[in-house]
Every structure is written in C-alpha cells, then in structure tokens.
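First chain written, first letter: the chains are A, B, C and D, and each begins at residue 1.
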Amino acid sequence: MRSGCYPKEACGVFGIFGHAEAATLTYLGIYALQHRGQEAAGIVASDGKRLRQHRALGLVNDVFREETLKRLAGHAAIGHVRYSTMGETALANAQPIKVDYLRGSLAVCHNGNVVNALPLREELEQRGSIFTSTSDAEIVIHLIAHDENNDVTAAIPKALKRLEGAYSMLFLEENRLVAARDPHGWRPLCLGTLGNAIVVASETCAFDLVGAKYERDVEPGEIVEITSAGVRSSRPFEPTKQATCIFELVYFSRPDSFVFGRGVHAARKALGVELAREEDPGFTADMVIAVPDSSNSAALGYAEESGITFELGIIRSHYIGRTFIEPEQRIRAFGTRLKYNPVRDLIAGKSLVIVDDSIVRGTTSRKIIDIVRNAGAAEIHLRISCPPWRYPCYYGIDTPTREELIGSRLAADEIGRYIGVDSLRYLSLEGLRRAIGGDVMSEGDVGARFCSACFTGEYPTPIYEQYAKDMMAPKLFGDKMF
Amino acid sequence: MRSGCYPKEACGVFGIFGHAEAATLTYLGIYALQHRGQEAAGIVASDGKRLRQHRALGLVNDVFREETLKRLAGHAAIGHVRYSTMGETALANAQPIKVDYLRGSLAVCHNGNVVNALPLREELEQRGSIFTSTSDAEIVIHLIAHDENNDVTAAIPKALKRLEGAYSMLFLEENRLVAARDPHGWRPLCLGTLGNAIVVASETCAFDLVGAKYERDVEPGEIVEITSAGVRSSRPFEPTKQATCIFELVYFSRPDSFVFGRGVHAARKALGVELAREEDPGFTADMVIAVPDSSNSAALGYAEESGITFELGIIRSHYIGRTFIEPEQRIRAFGTRLKYNPVRDLIAGKSLVIVDDSIVRGTTSRKIIDIVRNAGAAEIHLRISCPPWRYPCYYGIDTPTREELIGSRLAADEIGRYIGVDSLRYLSLEGLRRAIGGDVMSEGDVGARFCSACFTGEYPTPIYEQYAKDMMAPKLFGDKMF
Amino acid sequence: MRSGCYPKEACGVFGIFGHAEAATLTYLGIYALQHRGQEAAGIVASDGKRLRQHRALGLVNDVFREETLKRLAGHAAIGHVRYSTMGETALANAQPIKVDYLRGSLAVCHNGNVVNALPLREELEQRGSIFTSTSDAEIVIHLIAHDENNDVTAAIPKALKRLEGAYSMLFLEENRLVAARDPHGWRPLCLGTLGNAIVVASETCAFDLVGAKYERDVEPGEIVEITSAGVRSSRPFEPTKQATCIFELVYFSRPDSFVFGRGVHAARKALGVELAREEDPGFTADMVIAVPDSSNSAALGYAEESGITFELGIIRSHYIGRTFIEPEQRIRAFGTRLKYNPVRDLIAGKSLVIVDDSIVRGTTSRKIIDIVRNAGAAEIHLRISCPPWRYPCYYGIDTPTREELIGSRLAADEIGRYIGVDSLRYLSLEGLRRAIGGDVMSEGDVGARFCSACFTGEYPTPIYEQYAKDMMAPKLFGDKMF
Amino acid sequence: MRSGCYPKEACGVFGIFGHAEAATLTYLGIYALQHRGQEAAGIVASDGKRLRQHRALGLVNDVFREETLKRLAGHAAIGHVRYSTMGETALANAQPIKVDYLRGSLAVCHNGNVVNALPLREELEQRGSIFTSTSDAEIVIHLIAHDENNDVTAAIPKALKRLEGAYSMLFLEENRLVAARDPHGWRPLCLGTLGNAIVVASETCAFDLVGAKYERDVEPGEIVEITSAGVRSSRPFEPTKQATCIFELVYFSRPDSFVFGRGVHAARKALGVELAREEDPGFTADMVIAVPDSSNSAALGYAEESGITFELGIIRSHYIGRTFIEPEQRIRAFGTRLKYNPVRDLIAGKSLVIVDDSIVRGTTSRKIIDIVRNAGAAEIHLRISCPPWRYPCYYGIDTPTREELIGSRLAADEIGRYIGVDSLRYLSLEGLRRAIGGDVMSEGDVGARFCSACFTGEYPTPIYEQYAKDMMAPKLFGDKMF
C-alpha cells in the first residue's frame, strides 16, 4: 500500500529567458511571489550547456545567498515558491525538479493540482517509473521521458493532454523555456518583457519588482515556447470551458497584482460593494473594520458603498516567525493575539462591521471576534466577502477536508453563533457574480469563466474516488460525483 | 581621546513583578514592543536570590528559546528591545545591563537619551569608573554604585537627579522592581496589572498581548517601587515642564497603543484631519493614499475630513529580512521597491494625495514617488502629517545630523521639487497643536506638554557642546545653543 | 550532451533490522563510519508500514537532531555517509535514496562504484527512466522498477547481475532489509547481531559503538535478506575471482575495524614491517615518525622491524573545520601547517624516517616535508607503505585522474626530489604481497584476492571508453584497455 | 549575598604588535591554542586610534569570519580562548575585556587564577566599582582605573602587585601591548618575533603556525612593554620562589610546544621513563598502550624504558561535537565509547599496560577500562604518569572540589579496584622530580621551581577562606590553611 499524502500545490512560479542575470532576477521574482508559498524555494538556471539547481526549505531570502546565485549561471532560469504543508516529503517536493533523461536535462515547476495524478502514477509505475516525490511535476516528467518523440516541444503537449486538473507549469531545457496553462485555466500565468528578455510569472507583482512590463496572460490551454528565436504560441488542447479560480481574486493573489485580466484590489473592492448592497435596509453600524491585510480591499468597498466609516480597528503584527513560546498559564486566543490586536479606544462601545474574506474551520474567526469583543466592542457584525466555503478545492488551493469546513456542516446563523457575533452574512453567489462579472463576465455565466466548486460543489472535472479518499472526505463522493 | 559614538537609545522596555512565569511574559511583552527596536533583545529575571541574564543581537523570537526562558527562573523580570544602530558596540550595548556591586546585583534597562552623559561619564571616570558600553544605563549604575547609601531606593533618585534628558528606566534587584520616568517625560511608560502581578511597559500594546490591564501612566518625574509589599510611588524631582515626545504619536508608537493618555491611532487621525483642513480652498484629488503602514491612520483622517476617497494604492511587503541581492544591472529604487509596490490599475491616470508621516533625508520619499509616478499617477500631492523636521532629537529618537535633515536645508517647495511631486505640504505647527491639543491640550501650550524641538529647535534642556560635536552638527551649536 | 560528472562513491553504510530504536542506532552506526564520508549523511527507517527519510549535507552529528530521529520511527533502518565531492549535485546524491514504485516503497544506499553505470543509464533512459542524481543507487532502483517480478527478492539479484564493478549495497522495504556485495567484493560489508536484531555495516567499528557482535562478512557475491522470519542468504552470481580493495587496509578503513577478515591495524603494521625489510643493509636513522594518524600503524611496524626508535615527531590538530582565513602575507604551507606541526626540539638535527601511507599528487607530502625540514631535521627519508599509486581507481576510492597521480608520471627518485626528501622508497608489490598475504594469501596470488589495479593497471573489469573519458584520463585507455 | 561562581581560568592568550594583519594572525594564534579553551574566543585589535572587539561563545573558527577580522583593523591585537565552564556568565566572561576609562581605552586578557580575587573585589565594590563578569581581568582593570597615575605603564605594576595567584596577562592600549607574568610563574608565556613584529603566546605552537620565531619566555615576575619604540622589560615584584605548573607539562600544553624552557613531548616521555623504572622487578606485559592522544608521549617513554612493545590499542575518534543522542536502551559507557574504541584483535587475550596522565574523578578511567576489558584484554595494568591528584588547583587548572578528586579519598589500590584494573600505579613524587628535574632542576627542589600543590597540598600562597568555601571544599581549609 502506498501513502495517501498528496499535498496541495499552492505555489508561485517565475521564469525568464534571455537575460544575463537570469537567476538573480528569478530570485527577486519569486520573492515577490512569497505570499504564494513560504515553505520552500528553488531555482534552476541554464547557461545553454547545463542546468544548475538550488532548492531548500525556507523563505526565498534565506534560501539564496549571493554565491548561490552566482553558481546558477546563465541566461535562462525558472523559480518556484511552495506553500507550507507538513511532513517529511517537504524537501523532496521542493521545486523546480531537475532530471537527466533521454533527451538531456529538463527542469519543471508547477502551480496547481492534477486530479488524475493517482491513475497516471499507477500507470507509470506499471511501466517502471519510480517516484521520489508526490509532486505532479514528477508525473509530467515521466510522461515526457516515456514519449518516443525526439523533441520536447512535441512531447510536452502530449504529456499535458494526459493531465486533468489545474496547472500553470514552466519547463526549462538548456536552450528553451516553455510555459503552459491548463485548458480550464484555474491558476494565473502572466507573460511580460524586460528589455529583450521574456518573463513569465504567476502574478504581475513579480514583474513590478524586476521592472518588467506585463504584456498579456498565457491563455488557458496555451503553450508558449521561448527560445532565442523568439516566442511561439500553440493551443494543442480541445476547447473547453474556462474555470479560473475565484479564490485567486478573493484571497490568494496580492492586491497589487493583475490576474485574469483584472486588478485584484479592484475585484476585492467590488466584492465589498456587493456585500454592502446585500445588507437589510436600514442596517448600519459605527464603523467598518477589516481583518488585515487580506480583507482591507473588501472592507474599503463595503465602507464606500454603505457609507459607514472605514476604520483601522485591528492592527496586525508582522514580526511573527517560528513557533512562539506560550506561558503555561495559557493566554486566551494566544496565537491569534500574536498577530492581531484591536485598537481598544476606537472600538470600545461601538457597533462594528468586520469584513473578512473567508471562514475555513471557524476557529481563527472565533478567536479574532473574542479578542475584539474583549476590547469592548458593543456589537459585531461579521461579513464575508464570498459565499460559504462548503467544498474542498482539488485544483490547487490548500484546503481542509469537507468535514473540517465549517461551511459544509453549519448554516450561516449557526456559524455566527459559534463564532460569537451578533450577525453573520456571506456574500451571495449572485453578489459574487455581480462583483466579478461586473466588467469581465456577463451575468449568469459563473462556472463558465470562473470555478465556483468550493461554493457549489460543481467540480468542472471528475474527481477520482481514490483521490477523494486520500482527501479524507468520503461522504462527498459517495453517490454524488461518480 | 575617546570614540565619539553615542548611539541613540530608541528602545522599548517591559517589566513584571510577582508572576511565576515572569521571563516568559517579559519575552511576550518585548515581542509586542519589537517595533521599538529590532537590533537586540534581552531579559534579566530574578528568583529572589539571584539575577539571571540573557541578551543577544536579533529579533525577540530569534534571541529566546524555551530552554533560555526556563533558565531565567523567577517571579520578576525586566526586558528590553534595542533599535538598530551600526557598529561593534552593538552587543555590549544590548540591555538590560546586569552587574554585581556593593549592595548585591542590579539590572537596568532604559528607553531615552541622557544629554549630559558625557560630563557624567568624565566625572565618573575621574573617580575610577570603567565603561564597557556607551549606554546611559551604565552611567546610572555607576552613580548608584558610588552612592554611600545602604539602600538602592535612596540611591536611585539621587542618581537620577544627576541626569538631564530623557529616560524611562527599569531597575531590577533580587526582590524589587523600580520604574522611573524623567521629569519632562519624553518617553512613555505605562503601569498595569495582571492578576496580582504588576507590569510596566513602554506601550500598552504589550499589556494587550499578555492580557494585562492598563492602570495608568508612570507620571513624568515619578519613581514607582514594586516589591512583594506592593507599589510605592515617589516624586523626588523638582517640578518641571512636561515635554512628552510628539513623535511617539506621529510615528514611533504602535497605533493600537495608548500612550501619554491617548490612543495613538486617534491622535494620528487627528493629524490627518488637520492636514486636510489646511488645504487651499477647492483643492481636490481622485484619492488619498497612505505610505503604509505607519501613515494609514493619518491618511484615513485626511480622507474623512477632505471627503476624498481613501484608497489602498501602495501595497507593502512584509517578508523583508536581511540585505537583498541586487542584480548588477541595477533596478531603479531597488530597496524601496522591495517594500512598496503601487496598485497600478488603481492609480494610473489619477491625481493622488499621498500622506506620509515624515520626511527625513528625502531619499526614500523620492524613491516612493518615483515608483508611484512610474505606475502612471497623473498628479502627486504629498502631505506630511507633521511640520518639517529641522532639528536633531537628543531625547531618544534616532535621527541623522542636522545637515542630513532635508527639512533643515530646504524649504518645502524645494523639497517637493527634489522629491518630484506636484505639490508638498507639511502640517503646520498650529495644525499640530490643534490636533494633539484637541482633547488634551489648550491652544498655545505646545512645548508645555509636548516637546517640539525637532520642529522648532527649542530644546527643553541645554545640549552640551562636546555632545553636539559628537552628533557631527557643529553649526547648530555655534552660538545659538549655549 | 550530458554532463560528465560521475563522482566516486567512497562511502559508509549501516543497517539494522528488528530493533525498537533502529534509527538512533543507525545514527550511531554511521557516526562510527564518519571517516568514510564527511559530506552528507542520511537515514531511511521503516515502521513496517511506511519508509521515512532524512538526509542532508554535513556531518552525522549536525544532520540529525533528537526530533528527527524520533520522526524516523520503526524497527528497521539503513544509513549512509558520503565522501566529500564537489558540486551542485551534492544534496541530490545524498543517500539513502527513497522512492515509491510499482511494488511500494524502496530505499537504497551504496558504497562502491559501478563501472558500467553509463551504458546502463543510457539503456534505462531509452526505456523512459529519469535521473535526479548521478548515483549508482538510482540505476539499481530503475532496474528493479523495470523488472516484471512481483517480488523484490527476485528483482534485486536480477538487477545486480546487470552491474559491473564495486558495490556493497543495502535495500530497505517496509518489512525487509537486503544486503548485497558484488562478486569481486571490493568494498567490505560485515554482518552482526545486537540481541535479536541483525546489523550490517561497512566496518566493525560501527558494531563496537552500538555494542553489536560481529558475526561474519557478507561474502563477495552474497545477498543477505533479513526479515522477521530471519536471515536468508543466496549467491546468485557466477563465481568470479575476488578483488577486495587493498586500499581499505592501507588507508581507508579505521585501524580498530576488522575488514576482509583481518584487523586493519595489524595489516598496516605488517606493511610497515615489510617496508623495513626492504631497506638497504646498514640503512639507519635516529627515529621513525608517522604522518598521523593514518600512518601510525605502519610506522610502528617499521620501527619494530628496523629497531629504529618510534617517535611522535608530528602532532596533528583536530579542530579543523571549514575553510580558514589566511593572511594576505601568505604563510608557507598554510593549509598543511594548520593540521600538522613538528615537535621541534625532538627532530632538530636528527635523521628521520617518515612513514606515510600514500603519495597522491605529491603536493601535500611536499608541504609536510617542508615544515619538518624547517623544524631542523637533518635528513628525511620518506617511506610509503604501499607501491606507487599509478592508476585511477574505478571501484569506489575517490582518486584524481591518471595525469594528476604523480606516481604515473615520475619515478620514485624524481618524486623524492620533487618532494624534497633525502630518499624516498615505496613498498614493493612483492612486499605488499608478503604483508597482506602473510596470513590470508599464498604468495603470487595478489589480484586473485585483492585488487591491485591502482598499482598495476590490471583492472579486474573492462572500463568503458566513455567513462574513461569522463575521468579525463584518455591516455590510460588508448590501446591498453579496449 | 553574592553568587559563589568563580570559574577557573584555564585559557590561552596570544598577542602581536607591529604587524599589518594583527587580527588575522591573532586568530591563527588562538586557533593553535584551541586546546587550552573551547568555550569562547575573542580578539581586540588596535589601529592606533581605537580598539575594536569581537568575542563570542564557540570555537575560534566558528567565532571569526573574514569580515569580522577585516573590521578588527590595525597593527596590534590580543586574543583569548577560554576553557569550557558551565553557566550563564559564559559570554560575560569571554575575553579580552575592553573598557573605556579615564586614560582612554584598555583591553585585557588573562590565563591563570587570582586567589585573592574576592577580597579585592569587595574592596573595589566598597569604592564603587561594578562588575559585569567574574573574571580576574575585570578586577585588574578596576585597580588600574582607580590608580591616580597618568600612565598605564605605572598603573599596571601597581595593580598587579595587589594580586596573589597565577596570571599570564596581556594588556592592549591604542599604541601599546603589555605582557605580564606573575612572580611565581604558574602559567607559561612566551615571547617571539615575526619579522619586525613582536608576538606573545601561552605556548610556542602558536608561533609555529604563524611562522614566528620563539625568542624566550616572559620570565616569572617580568612585565614586558611593547611599543613602536621597541620592547622594554621590568621586574617590579619582590623576588619570590617560582612555582611553574607541573600540569602544563603533564597534561595541559600541546606536545609540540616548548614551555618553561623545555619540550612538552620530551618532558612527558621522561615521566613515562620514570614510571617504568618504578615497576617491580620482573614486571612485564604484552604491550604498552596510551589513552590517546594526551598520554601518547608518556606511554612511548614507558615502552622505551621497559622494553615492552608500544602499541596503538585504543583508537580515538575526532568527530565528536555537541551532545550525542543516546538510545533509551542505554549503551554501556556510551560517552566514552564515542571517543575511544579498542583494537579488538590486537588486545584480546593480552596483558596490557595502559598509560594515562591523570585520574580525576575516576569515572572516565573506569569506563575506558570497561571497554578495553570487554574487548578481551586478559590483564590491565593502569599506570599514571604523575602522582595521585589529591588537592584542587587554585592557580588556573579547572579542577573539581577536593571531595570529588578520587585521589583525595581513596588509596591507589582502592582506586584500582574501583576502576577495575589488575594493578594501578602512579608515578611517585620522587619519580616526578627525577623526570622533570632531569635537565632543569636539582633533586629536592620541587616546590622551588614547580608547583606540586595538587599532589602535596602545599599551596605556595594562602587561600582565602571565603574563596575556599566557594570551591565547596571546606574540609581542606578547616584548620590546615588558616
């Protein structure tokens, strides 16, 4: 029997081709994407003759030293940051993966999650493949290595066609960088230029730091091949419905990024605006407060639309590092308190609207509310800038099992009572549609362009039974999915 | 000849008496004060029989391990975080200092700056004292050690009367904790309770983290002696004018703290309100943006008063650690860019009011403006939530020499041109008075309760010539000051 | 084109089956084998259900912490230390390698060098295998993974039969530990017991530390399978001549180990004895000195046989860690001087026999002689306890190319002049035979039981041309080998 | 009440004046003295204008980086390594100590132990001195600082005259290096030259590494002042009997050093020779074995004199670093086993003479014997190359209390039974005299030139009662000493 550990791939990728300082710029690029993964970081660079790799557990700025970057010589590089998941496979799963095989050397890194990883892996193992990680990237490499084609440009689309699920993937050979995005397009992937060099990144904030210019997105289903001859685009996949991930806009991407063709901050503000519009007539409060920093934009939108004053009622500490030592005589809501502190004299005796972007298990929300309540808030109305999160994501957002998702077990009012607020409201699915569709979607086509499986359970792909079991959420798949 | 290195003492202090986990709570207390000093951290604890010390360079959470805290056994402890200054004396200057002397053991830590340190040191050296640091705390210890009194409670006020300048100081003996604040009261010092234990801290945010209750400030000129017999207060100094530091409110303290009897966030908002009131009639813009995070409150106040929309136009990265590796092909405004990134689609083509809390040398402001300008801002109106900073602070805020202070060399419009903005305005001194005095001061008495020497050059104490030379700002003191 | 980097596998292995603290004992076992590899260390343990791995660059005692060993739960484990080789592949080449494949999980570690690694690798790549390291262990795993057998006990011998060259290899599955030694038996591998547990190790010194009892060697060509059912031995290979490595006795193993059925210290003493016997009649000197510590035994043998006093004329420093900072005004023989210092008053004016175990490039020998000469030695007679090293080793001793081996370019007297000694003598091949064969070999059969390729160039296996080129010693293989 | 922690000062010192790379050479000098102290290391350098300091816990090579040495600019430097003692004061006690005082800056480091430290400290505290360490060096600095002289060259001898006990001390001012050795001369201190530069060091092995030439010892009672004007010697003390420390020769110094005018290796051999001479007639054994490495020389002397073969029967491991992880199922003599392993096939069934240099508590000796016995030794005759250690050392050798010294509680035969040997003999005091006096002392004057207090209890100075109590050996001082 095999181990059932398939950690989700919530990550960031960056690549550059045609720049004398490829590794150093990649290091900065993945630093700008650090919010997408704090567990591990890695870079593979090519000097045209060979690939050199460095990857380790830790933050980008701890993993790379000047001498390391110097060793990663060459004109092309790809880099990766990886989200924190537990367990021993941590380093083995760090990316980019670099291998030698029939056609030479190849490095791959990846953001997303392949839902048919298990059957593919079983098939490959039957053919004699060995696996040193649980990473999807390793599966792709095996598929490519088993291809009889002489050229990787032919082998890559053939391999990718075998995958179902989400991937924004970068491939590096000695003299070629290939960027690919799955046909549904769950995860973002952007294309830019820096002088004569070509850059790709999960989010545009990485372009901003290195001074690159955003050109366009790598489209869902598009494969972009970058060589010294230039950029060549192909679309080898069957046309399919897009399913870009709403959570990239709601929570995951940086507010100063431009993903899926829209500004993240603006999208979040629109969610806040819709949230305010859905309030009962006459509802009001003394102030609107965000759970900083990820909910700042939505709270601002809510405040603008509602006319209730936006206030900085919770201050976030940014020094938090490794585990803190707690006194034996326990401090209430200790971990949350290290991170958040209310502005006591501002909120004491006041009625507050607190805007947050999601409730996962409910435990953190409950602690934040406890802290705010203890600071003297008279009324607390919690508002969530998306619908209840009821189903696990299989497409690259690290999520708990369905049973752990409080939204799958309790109704909003029950959740509100558990968390301890005077009222709790989620943005409706319609509100979400209005907000996100305001400028890029016509009403009614959520599911067409955005994936809302986490709210609706309508997964755009089949989810394999064994995989589902590995996610420890057997009920979800009993009769519904297959 | 001696070295002229007198680093400023911008620091945070925390103390607790009467708690079984004194060291662990002190560790959390100084963690909450981390913004007041990131260079070094230290704790001295007492178990009633002996003092134990640990101090090192680094952040609180790196300096202390669980086993270290266990070794720091006892019911009483004081802790310290120290601001980043350069040079070899760094570790020697880490506090608390702990010594053995005539009356046993004594530990001292300190926030502030003693302006007659040099003559006191010379006097003490004439009497045979040796110095291992450049810290004011060491001077005080020598004064106490040279006292013929049998009791430290008599020796402390005698020693402190010799000091001129700013100090919020904690003393720890085996069975006594003493907290003292200079008669002018430049630096904050708060008194609280945690069950039966007594706590003292630079700011109330430290109380919030450990769950302590703020009781009152240690008053300017007050010495509070804490033993198992309780708290005893004395006021041994000649009455003098208060001179609490405006910069604690403008910039230095955490917005969720309550210092000098007022909420910091509220005070900063009031500065922003006054800043807006001082605009020319008819002045307007598309949005108000803060330089995050320290200017958020003032920007919010400005937006509320002006009616111009508050926006999150600049995103701050919080992963910055040690020095970054820059490509040889330099990136414009590199260091600033690592920290700040504009929300491009929000500000492109817009006229912005950017609110910041101070301009020191002007170089960072210039880079921020450059980045914002490159993101497409049409007009940039920079607003500073205090008057021009023209004079060095000798009372515990780490400042450059007068010559380096751009406000001492150039007029506002010249500074604006240097920085590259369409307009630059500072809050007027009168505006500052209105804001800060709005709830605690009557008009006209700035200087009575708050020290505004950095704006006006009216230092509440004499500044000794040699000291001034050590500050490398000879012109300031030529004939003006003495 | 692929990279030509095939670092030699000079390593140590340890395994244990049937002990509740398998990982901790493995950690101690590889600590005792630390002299066989200081670059990297790793352990894979099994709790009967899954394999857990930890490996990193560094010394054993730095790589493993108590919590790491706790995580490596289970009753069986294998461990590995790796010799220092340069380059980026360092971590990827750390062992044991652990993979998931068709039949579950498998971990492998290895001491030796497979000489047909390149053609095997090419064949495997043709079948779609990918390689993340340059380790022979990975080749073996691929061979096993491509086997259609259902059981690894059948697949292992089939895979090993494909290998030519040297390997002492350990395999770990969830409930099985397999130890295999190549038919020529270059590298040692010992079998022991610790209570009911079975242990295997490169050298018996590892048994001594954990308190295990040496039972016997794993024989050349033997595969030992250890399960809860007991130990099962098989000999699936065609009978072939043994070729155990003389250098294990001359230099590589610890003197307190028992390898190839004999004590290492005793073997080295015998070399020294023969060296003394080969001196010209009437040759004498004031004292015999070893280059400590590896030549101590041979020097003692020389002294006993010659009647010349054994002396401690060179003292070795053991604090050497990472690179040392050298003054700009260079110190003569700096690196060597950090490690060796002569006892000046002992050797001044004396004639010395200095015994060393080998001369590789000649540069270190030259520096040692320079230091000793500067301490006032009147005459220096260098004696080497084996014949001139003239040919690279392809069987697991890390060696320079043939051109770098001073013994392949110069005659003994030329080398002596280069090094700066009054005379230089190597042990003759006959002397070596007498010493090593004294108790286990009949005269004339060197090559039968021991491999002497490094002295004679008579390699027991063909060496593939491409591989030879990768070793950058083209002359060696011109017409002789193929 | 004060803490009773007066750790012994077993250390090494190095100084250099007049060399452009003073700090780097000092770093190498204290590296060569690493065996004298592994706990902490420090350097203070002078560029003629100011002193710069770096000190930290750890080995020399870990404490200093290239950039640290660059910062320690200048032509003069002193350095220090400190022996491992426990406790919190570790870093505070690291040397050199550097202070600012009346006459400028001064740094001091020290090897030895001042026996009237406590009354001096009390006197100084009465005068207002504060102490941050328990180091003797701090006492000397206070004495100098309290001196009314204008010049440190006058103040140093005045201060040193107040000290009783052992000190080899280095002082560094901006333009002067002073080396002083107490009148009894317990600890060594050597003077040498390196081109035009002057060097001082605890042992000559430090000169060898940097390429300096040994000129002579700093004599007992001599103060050597080194400036750009040259070297000036003075002898300001009352003439007194020398009392150089026998243990420097027996155990503490490196065998390749020349201390007290003699080679350490030769002195130890002479001890071994005398030990052999004291055997009963007809006593013999199969071989002589050293407990490596410190007893190698004595064992060699014993073997030469007795005619019994010298053998390498115990192998020492040199990889030992921090604490090792021991299995829960304890391994017999675990800690000792990590360090020592017998050569099993050599000693099995043999009768052994094992030579060691001392027995302190007896516990380690017992474990070594246990290991050797388990390896099959038939007879074990333990021989100690000095008389029984019965009294604590107060002059700079780190020793346990008298009660812990097994030699003070048990007779030799009882100790032998405790340790588990077939016979135990110590070198007699007369044998020691013969050995050490063979070339430098006339018979009968032990105590005149060498201190033998650890064997005889005849301390050359009074030992103060309080100090004795702090050493926790009250019985020693009951009626005997005062």
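The working rule: a residue touches a chain if its C-beta (ideal position, glycine included) is under 8 Å from a C-beta of that chain, and two chains touch if they have at least 3 such contacts.
Keep in mind the model is a prediction, meaning the values are calculated, not measured.
Engineer: In the touch network of chains, how many steps separate chain A from chain D on the shortest route?
Structural biologist: Minimum number of steps from chain A to chain D: 2.
Engineer: State the chain with the largest centre-to-centre distance from chain B, centres being mean CA positions.
Structural biologist: In terms of C-alpha centroids, the chain at the greatest distance from chain B is C.
Engineer: Taking each chain's centre as the mean of its CA atoms, how far is chain B from chain D in angstrom?
Structural biologist: Taking the mean C-alpha position of each chain, the two centres sit 48 Å apart.
Engineer: Just curious, how far off is chain B from chain A if you go by their C-alpha centres, in Å?
Structural biologist: Using C-alpha averages as centres, the distance is 38 Å.
Engineer: Provide the C-alpha centroid distance between chain B and chain C, rounded to the nearest whole angstrom.
Structural biologist: 61
Engineer: What are the residue numbers in chain B that touch two or more other chains?
Structural biologist: Residue numbers touching two or more other chains: none in chain B.
Engineer: Thinking of each chain as a vertex joined to the chains it touches, would you call that graph a line, ring, star, complete, or other?
Structural biologist: ring
Engineer: Dump the list of chain pairs that touch, please.
Structural biologist: Chains touch in the following pairs: A-B, A-C, B-D, C-D.
Engineer: Which residues, counting only chain B, touch chain A once they are in their complex?
Structural biologist: The touching residues are 20-21, 24-25, 27-28, 31-32, 34-35, 59-62, 64-66, 69, 204-205, 208-211, 254-256, 258, 262-263, 265-266, 296-297, 300, 304, 309-312, 315, 317-322, 324-329, 331-332, 337-338, 341-346.
Engineer: Touching residues of chain C toward chain A in the complex: what are they?
Structural biologist: Its residues touching chain A are 1-3, 49-50, 52-54, 71, 88, 92, 97-102, 104-105, 125-132, 141-142, 145-146.
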